[in-house]
Amino acid sequence: MSNLPTAPETLADYVSGNLWLFFAIATAAIMGYLTLNALFLIWLERKISAHIQRRLGPMEVGWHGVLQTVADMLKLLSKQLVTPRAIDKPLYHLAPVVVFAPVIASVAMFPFAEDLVILDIELSLAYVFVFGGIGIIGIFMAGWGSNNKYALLGAMRSVAQNISYEIPLILSALSVVLLVSGLEPVIINDNDQLRPASGISLIDIAIVQDAKGWWFVLVQPVAALIYFIAAVAETNRAPFDIPEAESELVAGFHTEYSGMRFAMFFFAEYTNMIIVSMVATVLFFGGWSGPLLPGPVWFFGKTYLLIGGMMWFRWTFPRLRFDQLMSFCWTVLIPLSIVNLLVTALVLELL
Amino acid sequence: MSTEPNPEPNPAMAPDGDPEVYYLNMGPQHPSMHGVLRLVLKMRGEEILEAEPVIGYAHRAHEKMAENRNYLMFLPNTSRVDYLSGMIYNIAYCQAIEKIMDIEVPERAEYIRIIACELNRISSHLLWFGTFLLDLGGITPFLYCFDDREEILDILDSVTGSRLTYSYGRFGGVTMDVDSAFVARTRAFLARMRDERLPKYRRLVGDNVIFRERCEGVGVITRDVAFRYGVTGPCLRSTGVAYDVRRAEPYSIYDRFEFKIPTRVEGDTMARFDLRIEEMEESCKIVEQAVDGLPEGPIMPAKPKKRYRPPAGEYYFAVESARGHFGTYIISDGTDVPVKLKLRTPSFSNLSSMPDVLRNTMVADTIAIVGSIDVVMPEIDR
Amino acid sequence: MRYVRRVLGGLISLFVGLSITLRELFKKPVTLQYPHEKPSLSPAYRSAIKLIRFDETNSHDCVACLACQKICPSFCIDIEGGKVEGIKKKRATKFTMDFALCSLCGLCIDVCPTVTLEYSKLYDEAGYNRDWNMDLLEEFTDYEEQFITEQREREEKAAAEKKAKAAAAKAKAGKNEKAGKNEKAGKNEKAGKNEKADKVGGQAEEGEA
Amino acid sequence: MASDSKKNRTGDKVHLPQLTTASVQPSLVKAGSGHDGTSPDGIPIEARPYVTFGVLEDLLNAARANSLWPLTFGLACCAIEMMAAGAAKYDLDRFGAGVFRPSARQADVMIFAGTISRKMAPVIKQLWDQMPSPKWAIAMGGCTIDGGPFKYPNQYAIVEGADHIVPVDVYIPGCPPRPEALIAGILKLKDKIKAGRRFKG
Amino acid sequence: MSKPRAEAEHDSDEHETEKMSRILGSSVAELAESSEHADYAKYGYHHVYLANIESIPEITRHFFDAGYLLEMVTCQDRRDDAGTMRLVYTFNHLAHLDRHLVHADVAADAEAPSITSLYQAADWFEREVYDMYGVRFSGHPNLKRILLPEDADFYALRKDFGRIEDAPQES
């Protein structure tokens, strides 16, 4: 992918010397991981949904169908790319890329273990949220560019939903940020130098939890719940999957996309899932921290467990109506997250 | 997915100069249009100003076929008119001919018919339940319902040999006798249904806050609308009118069984859901009584007629299908080919009320409402 | 307060739903892995019709009366046949049935006077062309000549017996004591026929069981 | 093989399909196999310079065969059996064919499930044109093969066979076919796709 | 097949019903050209009327006011026997069983008065009659084809259309 966002300038400070080599290797690794991850997650989702529904799910391609999603991907790759006639060409063609690219950039900033992070940026949490917000533009481009009323409706729903749910998402994350910054200034040993922990850096949040020995979910359960709900909504998954609401809007914003372009939307959905789960892991579940096993195992174990939860959600609940979805956000989640934030601040002040 | 503006001269659908008004065409291929229903919606944003159902995409000329063949040869058509309650339609047609021609049906056959019809009603409601949830975006309950439905299909398959389009009824009886295994399986199914499955559906779906939010107060059919549009079946009963053909004009041996006619007064989607769940329970009750009272004896008259020539005249016979009042109107001229055979199908009238009900709802509600009135397109289009 | 109760009540209902689906997750799937496991078809199962092979004659008993062809609502049966050289019995020479047209109503089986039709148990047919016209006589054609010879013998035997019976009846006037024996023979023949009818009925009943 | 012996026995009735239960094994004949004038790898000698089957093509065909996403599209009675085939007891998803796509742009196979009325025919044509290649069609049930029980002389309402509208690959008879039959039909289609250009119907 | 009516759950009593049915019956009979009682056990309806097509709206009004449900509207092609189309209306009461059949003859090319202003149910029924028999209704808000395609050039249920014996011979 040539249109990766360029690395921030601070990268140069961090990596001495062979910048481009490092960049290439990191990108390839991320791409490879994300592809494998999406293939695995789709297979996992199909298996989980099948077993919840007392079916077997994919069985015939490979052992218990593990290669099913590989077959799906190959097929989508070789499928004709239908381009409808009356579309807005630039928007239509650019949309999958815009949806797809930012999610790759986000992964680079996660600390899989204390010393395993591709990009250690001070504002990594903010970056993740910023990149998460770009995808929505892609969705709107897809809906608008397709010249299809279903796609347009889906895109408009998607924009309204994502923008609304970003508020509780960030507010609940802020509670953690406040917690890190507001706790007795934890000093972290970094290159033999002491510096205050930054609440807006993913790695610092994880380090704080690791050092304290407990996870923030214990002191911030409400924020964790709000984050989880908002994250499901951000990834447009059931019960908040109204932008693509199959039974209402046919396929929503990607109604007119076929073959690989459709696959990119599909891919982006599952990659988004892993990103929001990784953020949750770092914010509330201590990142890599855990006994016995090495850090990355804990990190990915927690992440995939959260994803499993999201899948469990999806296959249990019916879909909300659009106005209910919005009113749930504005009348329940946002007030609750504000109250939570205020209480956190108050308690920190009193301590 | 044509996005052409509505070309039809329906005055309600005409554009009224508002630039924000647009038309959305749902169907005939749309995941929640239950086959081939097409809805043309006049909308502003997500709000529906006017809706016009367009039907006929499953028109198969049943009535013309009836005029082209003798009474017996129309039998297989009956279960294909409404394939979800094919047994009820099939038996209803037999009952109509029996009534016209004074054919005595053996007791045992009557009981078997009741069992088969009520099982069919349960399976139809189960399928409705599943697809309705599918429309609302809940996929898992759909598969649970199909599990139960498979059990009913297996039970019916063991006597009729078909899973869906039963030609089980014959003029005067049924094609095959039931045995003790059938009875035992039916009993086991009833027990499972009442003790385990229906309560589970209530907890998984009926109590679910998202589901209730989606259904309560949505798509209210008032008693007046129901009356003016000739809405029958669960949709009518959800408005508080206890009209069920099985009680109002008892046919077969329904007057021998104890069962309630569940009603609701709200008339909304939730009422229709509750009502159908309760109807399944009542149907279970009827089946249980019929299984208990199943007499011994023949299943067909000793000497079935070879040719069926109803005396000249016109006849009307009504039954309660899973969707409402199903009437068979037959005009005979004394030959073995009907002059006219009109099927008064309930979904036709139920769907015709949609323009009134859908007005000023949201797109998502449209799906829920159309799903909740339980339409079967080939039954409407015939 | 009502607001809080609504939110909490809603949350509880969601957890109830989650607990139900979680329990289902660990139950055994109900899937029948079709090509690897075959379904057990009900004895009543209806598929395309076929001709019954009777044990006594080792062949079908279609006399080409066309009753099924006339009653068929889908016009899917096509029969030709008639008198066969050498035997009294009529035989079908062509019996095809279009599975794609058939509605599986069973009216043909009801009307068959010789009870030689039954449902086959085909359940997973699929093919690459639209021609589903099936030749029901196919499995009998090899044997048809032999059947005709045997049938001729049977008919001759029956005729002989009939003759004998007639002769006996004639003789009955003269010799009363012999009559009993002949009558018994006649009964035996009849019993044989009944047995056959029973057999057919039995097959059908087996289907019901 | 079976078809050969049939030819020997009944002579003029070769066009009639044999009354057999469709098996899982491919019933297609690989070009050249078991016939004279062929090379060991199954390609007719005269075709060798022109026909070479790349590994990639075989791989893609295998992927396509195992990832048949049907269009969510039901017409009448058979649609219910199609749903049943997707439900827990039969589970089309085992073969990768359980991903029903509501948008024609993302579907690979159109399963005609039910009677095609004349009013519906143009819609079906449009949907078919919206599907991206390579695409396949399965005619499920008598109605879509040749009109089924609704066919009679002078029938005005239905299209007598889906192949009047689109090219159909697999035909499944029955009224309605059991879900097993639909699965068998999908397996047949898989065989056909896997065989690619070697396919002989 | 005639079985005693089971006690319905609603609170109408038998006597009241009969009285109501009689009053309604007589007022409708006045409007109709002829009226007959029918044996419900055999025919499935209680009264049958033959009315002039002009009086249909008024008769319908009577049923509407008495709270009767319009069960169906259909038509019979009687051009071979009588040269007319015969419209058939059925009315029934939901609370007490009392089914009335109203016949009205109309020439095939004439217009019948629509009753959609009273019963919206008639909207689709009349469209279907138009679609299948070609009888047009005056005052119908949206009279167009309903089951057949818009461009169909035939009326499907007319007796002179679609007969098996007219079918072109297949080769």
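A few notes on this one:
Just so it is clear, A, B, C, D and E label the chains in written order, and each chain counts residues from 1 on its own.
In this text, a residue touches a chain if its C-beta (ideal position, glycine included) is under 8 Å from a C-beta of that chain, and two chains touch if they have at least 3 such contacts.
Keep in mind that this is a model prediction, so the values were computed, not measured.
Touching chain B and chain D together: A, C, E. Annotation of chain A and chain B: jointly contacted by C, D, touch as defined at the top.
Nearest to the global CA centroid, when each chain is reduced to the mean of its CA atoms, is chain B. Interface comparison, B-E against D-E: more C-beta pairs in contact at B-E.
For this pair, chain A with chain C, the centres built from the Cα atoms lie 62 Å apart.
Averaging Cα coordinates per chain places chain C and chain E 45 Å apart. Chain D has its Cα centroid 29 Å from the Cα centroid of chain C.
Work out the mean CA point of chain A and of chain E, and you get 62 Å between them. The set of chain C residues touching two or more other chains comprises 14, 17, 20-21, 24, 29-31, 33, 73-74, 103-104. Residue positions 50, 52-56, 59, 246-247, 250, 255, 315-317 of chain A are each in touch with at least two other chains. In chain D, 87-89, 91, 94, 102, 119, 130, 149, 152, 155-157, 175, 178 are the positions where the chain touches two or more neighbouring chains simultaneously.
Touching chain pairs in this entry, ordered by label, are A-B, A-C, A-D, B-C, B-D, B-E, C-D, D-E. Listing the residues of chain D that touch chain B in their complex gives 71-77, 79-81, 83-84, 87-89, 100, 102, 104, 114-115, 117, 119-120, 123, 126-127, 130, 149-150, 152, 155-158, 175-176, 178. Interface residues of chain B, counted against chain A in their complex, comprise 1, 3, 22, 24, 30-32, 46, 133-140, 143-144, 147, 204-205, 208, 210-211, 213-214, 362-367.
Listed in rising order, the residues of chain D touching chain A in the complex are 59-60, 62-64, 66-67, 87-88, 91, 93-96, 99, 101-103, 105-106, 108, 130, 132-134. Here chain C touches chain A in the complex through residues 7, 14, 17-18, 20-22, 24-31, 33, going by the rule given at the top.
Contact residues of chain D toward chain E in the complex are 118-119, 152-157.
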